[in-house]
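The structure follows.
Per-chain residue numbering starts at 1, and chain names A, B, C and D are given in the order in which the chains are listed.
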Amino acid sequence: MPEVRFDRVEKRYGHRPVIRDFSLTIREGEFFTLVGPSGCGKSTVLNLVAGLEPVTSGEIYFGDRPVTYLSPKERDIAMVFQSYALYPHKTVFENLAFPLRLRRVPQGALQGEVQQVASLLGLAGLLAKKPAELSGGERQRVALGRALIREPQVFLMDEPLSNLDAQLRVQTRAEIKRLHARLKTTTLYVTHDQEEALSLSDRIAVLNKGAIQQIGTPMDIYRCPSNTFVAKFIGSPQINLVPGRLHPGPPAHLDVGPVQVALVRDPALQADSPTPANSLDVLVGIRAEDVLIQGTPESLPGHSASVVDREPAGARSWVTLRWGSAEIRAEASSDFLMPQNHSVGVAINTERLHVFDAASGARLPWIALPPKRQHGYK
Amino acid sequence: MTSPICEQTPVKRGRRALAAALLCLTALQGGCTSQPPSGADDTDVVTLVFRHGKLSGDLRPLQDLIRRFEATHPTVRVRAEPLPSNTDQQHQIYAINLEGGASGIDVLAMDVIWIAEFARAGWIRPLDDLFGPGQRAEFFPNALEAATYGKKIWAVPWYIDAGVLYYRKDLLKKYGRRPPPTWEELIETVRIVLGGEQEPRLYGFIWQGRQYEGLICNALEFIWGNGGDVLRPDGWTDLTSPATTNAVTFMRDLIHRHAVSPSLVTTADEETSRHLFAGGRALFTRNWPYAWSLFEQEGSPVRGKVGVGPLPSFGGGPAVSTLGGWHLGIAHDSRHPEAAWQFIEFLTSPEAQKVMARKVGIAPTRRSVYHDPKVVASQPILSTLQPILERARPRPVTPFYPMVSQILQSEFSAVLAGLRPPRTALVAAERELLHTLLLERL
Amino acid sequence: MNRQSEARTGYLLLFPALFTLTLLALCPILILFWLSTRYRVLPFGIDAFAGIYHYVVLLQAPRFWNSLGVTLYFAALSVTLELLLGLAIALLLSRQFRGAGWVRALILLPWAVPTVVTAKLWDWIYHPDLGVLNYLLQHLGITTAPVNWLGMPSLAIHAAIIADVWKTTPFVVILLLAGLALVPPDLYRAAALDGASSLQTFVHVTLPLLRPILLVAALFRTIDALRAFDLLYVLTGGGPADATETLSIYAYKILFQTMQFGYGSAIGVMMFAVVAMLSLLQLWLGRHDMRRLVGRLP
Amino acid sequence: MTARPGRDIVSRLLLVLVLVWTLSPLLWQGITSLKPDSELMQLSPLLPSHPTLAHYRALFEHQPFHRIMLNSFGIAALTAMTALVVGALAAFPLARLPVRGKLLMLGFVLGATMFPAILTVGPLFMFMRVLGLRDTWWAVLVSHTTFALPLTIWMLANFFRELPEDLYRAARVDGCSPWQAFTRILLPLSRPGLTAAGVLAFIFSWTEFLYAFTFTATEASRTVPVAIVLFPGLHEIRWGEIAAASVVVTVPVIVLVLVFHRHIVQGLTAGALKG
């Protein structure tokens, strides 16, 4: 199983660029996900890898082999389509066997492989049926099977789960993960669903408007989004972005809502940028689970907020709070029952604050001082 | 479990069936075009293809004649193929068949107006070697004239036609009128008889005014009778001369001014006219000789009441009839010209002509037949007809006749329908005619 | 190279069709233009330069202007009638009722009948003595004497138009029915809730949504009616007195009854110009609605 | 929809009227074909009192009508097949492959269907003359291709276009060349489109008159519509036999229309609605 490498790939339709300066290496055996909103170009990347569309410039390599100008057939890839693209005139058996027939696999071997894949995916009883007679989940598995059967060099999946209902989606997700763990095929997976991306992938690339925003493991991306786009796109409910002001100090500190947070340079990003000379407007990212509602305002002076709205979501509730001049969402337990306008105490997990430049949206290399070293308010 | 072969079988079967069907079709096509449908002829027996059309009346006498010919010529078989009834369509079929050779036709019956065209196009053979001056002597000279183009003779007259006037003897007698020698008198007679009869279903004078070749025949009779012409012998036109204009105006006036002809003549052809007259619905009609035996056949309401004579003239001038008729020729690419000539000789022989005259009622082209007692006894009209036929005038003998006729049909028809004044129509016709006649000089 | 080889396959597959069409459709049109500048009488071997002389003669020939007028009159009247009748029938058939499928199939039959048969069967119906039309009219006391439908210039053209309307209305009905099926039923429900009468619903909902299809139907039918040949040639042969002689029939007579390929081609070119101008005019008038059609080209 | 009963009756009446207008001319031709000659020459009774098949018998006795039927059938079948094969080949790249000038080509194809046949009949006649094809099946077949081919290209390009694009992509990824993807995936799925195009091409060829009339001369290639026009009458028109021939030539199309009604409607509207 080779790695897949993009070297400064560009794709334009006429004069409209859809993929810009795309460089990326998918490691051997890796489960790699491209995630982004619809129209961000992620499916185009998949088509470029598959050879279904020509690149405008740049090169694509499988290992050391440039494949940029090869036909799909020569690339030895398999693909699962959002619509499954099962051949409606062929039985399940023939759908699975089709890629093998095209490669002139002898009849005996072909039978065996089809049976094997079918039993792997629980399709053994459906081989004689036509796609129209199958349920959505069964079709999805046939599509997977048709891709698996060839043992391709690279496995491409274009939103394979988006046509399933919620329950089946979670179930199939687990199945795909298990399959990958077993087969270790280099896989490029495309989805607009960040949750799917987070749960499946070894690594993720977040795409917006044809450009890569961030590449990293799911945790990297969740914990350390490189800009406001990634921060907003990854994580549910959406991250709170509260306007604030950064004072480079010394001592460096951040005014956000009614609180002030002491900052230090992020050691990981220290070298990248110079310290600004003046204070500047920033957006402060705070995830809902990092906003803690703690009893009454009296117990946390200066950290009071009032309840605006409450959305029960089963095991927990999302609570919208007015915090200073901003509105933020907080996670609360399902037994949080405070009525509207009720004042509550709020604690921010400052360790997990993200500071972004308000103008560019880029992450700024500052993190909060650990709580015990916070000066001022407790 | 499903075998992968199952999936393919129906497709293959379908494909095989399709291929088989294709093969069959192509085989049939090849088989049928390479040999005539009736089967190939054997070594010694020659099959002549004889195409003809427009034979009024009974077809059986002709078939009997052909059988008789086959009996006397054991090595020749004749396959007669009738053509559609419409003359234009016959012409087109000939043109498409004969153009470029390999028509499969040996003997063909041609309308007298096609001969020059067919000759110039090289579709038929000159017959000078076979049809010598001695043999020609017996035929009507005007019919021969129509078959002569470029100083060669191209066809043998089979039967001959000329426009004649039929009238109701009984009605004329009742009002003490004679068959009108002039058009003026015809108009007067119609007024008197129709005025006396008071029968709304009785028409005065029926002729052929539909837009087709028959209209040209009728019109030429008026035009020539008035001293006008369409194409002069010097090759120029005389369409806009006062004589021609007056004649065409007179035709229109018969309908619109004198009201001796109903407006339906603008849509009438020979058969319409014949049916009306045969049904006792008209006092006069202009038609070809073939109609006579049909008027006189048993069960006809006008049997015994019909008289026939020459067409009237203008103010005592000569009356002119248009020469019609059909000729027999040999296709240029015929593979059996000798046998074809024998067949033509047979069909135009006095014996055959007598049969056709007696049984079909068409006019023979040999003068001698008109004096045969048996023929005269069964078709007394022939002696009346002979002088008329003798004087009948062929339409312009030019290879471009079809074009000339097209132009004239269109304009004459417009005049009769009252769509254009005669003068305008004739000027337009002359312009188009000159455009066409340029061809003759190319 | 992948992309180029795909394109190469494409051109290879397109070749037979493009070659055939170029040879059988484009070349003949070009030859037609060339022939129209020549004297050409095939059987006589006449082939000489004529320049624009054919056109000069043609433009002065009353027969040409007559046939142009007949062509336009025939097309305008028959297309108008077909659209009106077609719309009415389509509205009637668009309702759900038992046997709707059968009725829709039966209504299509005249369209499928060979035009020659259409001509012959109307010829028989119109027959002055033996035709069923005169028989019925006389029995119902509408006329007293038999009418010579195809014999009178003013009647013949209309008789031909009726035959044409009979034959081609089904095509319009099929198009409009398909168009009506595309109108979302919710719109009718909404209109009904808004208190629209059926006439108002038709004017404000059905008609505007049907307009593009009406225009397409009009365009197709106009082009077809302008070139109508079979029906008129068989029914009337262009007569009486050229009253039904369209440009097609005029050209055909000159071409194949007199074998003047030069002059006949000049008539063809004039006809080409008329058809092209009228279809472009229609396309331009309906350009906004046509965009839908063009926008969905493969 | 709920309709008031009165309105329902009115629309039912109108429906009957429409059917009468549509079908009675056809029925009348059928009735005529069954009337003996003597009853054709007068008009009461309307219905034949002694129905006879004499005209149908005469049809096959007086002229080689079976041969003419075979011509019509053979030419129409071959036209449809040729147009389908060549048309499908061309429609595929127009629908799916990255060829240049698609719009131009489609315009050309559409334009070819709109040329009046009268414009091409003269030059085609000259082709046929030079190639010696007049009065053969080839002449008619070739000329019918001029309208059958654009029709099939247009309809099939639309049809291929409407098959999900992912199917074609999936086939390519599974290892098909464009040609294999076409023959193994697109074509088998296009049976309805192929049927519609084939049936329409067949009907158009079966009923075509102008080319067949001009390029044929004898029963070697004459088709039924031409034979109906060129009935060898001596001097009267044989209405009975013409009616019989009309029935014979119309019945096959009626069967096709009733059997393939949906396909035909789809095909006819493809250009206009889904174009």
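Convention: a residue touches a chain if its C-beta (ideal position, glycine included) is under 8 Å from a C-beta of that chain, and two chains touch if they have at least 3 such contacts.
Predicted model, so just to flag it, every value in this text is computed and none were measured.
Graph distance from chain C to chain D, where chains that touch are one step apart, equals 1. Ranking every chain by how far its Cα centroid lies from the centroid of chain C, the top place goes to A. In terms of their C-alpha centroids, the spacing between chain B and chain D amounts to 37 Å. For the pair chain A and chain B, the distance between C-alpha centroids works out to 92 Å.
Chain A and chain D have Cα centroids separated by 57 Å. Listed for chain A are residues 51, 71-72, each touching two or more other chains. Contact of a single residue of chain C with at least two other chains is seen at positions 3, 6, 42, 256. Looking at chain B, one finds that residues 99 touch two or more other chains. Taken together, the chain C residues at the contact with chain B in this complex read 39, 41-44, 46, 48, 53-54, 57, 60-63, 66, 148, 150-153, 237-243, 245, 253-254, 256-260, 263.
Taken together, the chain A residues at the contact with chain D in this complex read 47, 50-52, 71-73, 77-79, 81-85, 87-89, 98-99, 102-103, 146, 150, 156.
On chain D, the positions that touch chain C within their shared complex are 1, 3, 11, 14-15, 18-19, 21-23, 25-26, 28-29, 32, 40-44, 46, 86-87, 89-90, 92-95, 97-100, 102-103, 105-106, 108-109, 112, 114-127, 129, 142-143, 145-146, 149-150, 153, 157-158, 160-161, 177-179, 203, 206-207, 209-210, 214, 224-226, 228-229, 239, 242-243, 246, 249-250, 253-254, 256-258, 261, 264-265, 268-269, 272-275. Contact residues of chain B toward chain C in the complex are 88, 91-92, 95, 99, 117, 120-123, 210-212, 263-264, 266-267, 399-400, 402-403, 406-407, 410-411, 413-414, 416-417, 419-420, 424-425, 428, 431-432, 435-436, 438-439, 442. For chain B in complex with chain D, the residues that touch the partner chain are 11, 18, 21-22, 25, 28-29, 32-33, 37, 53-57, 59, 82-85, 89, 93, 96-97, 99-100, 102-104, 271.
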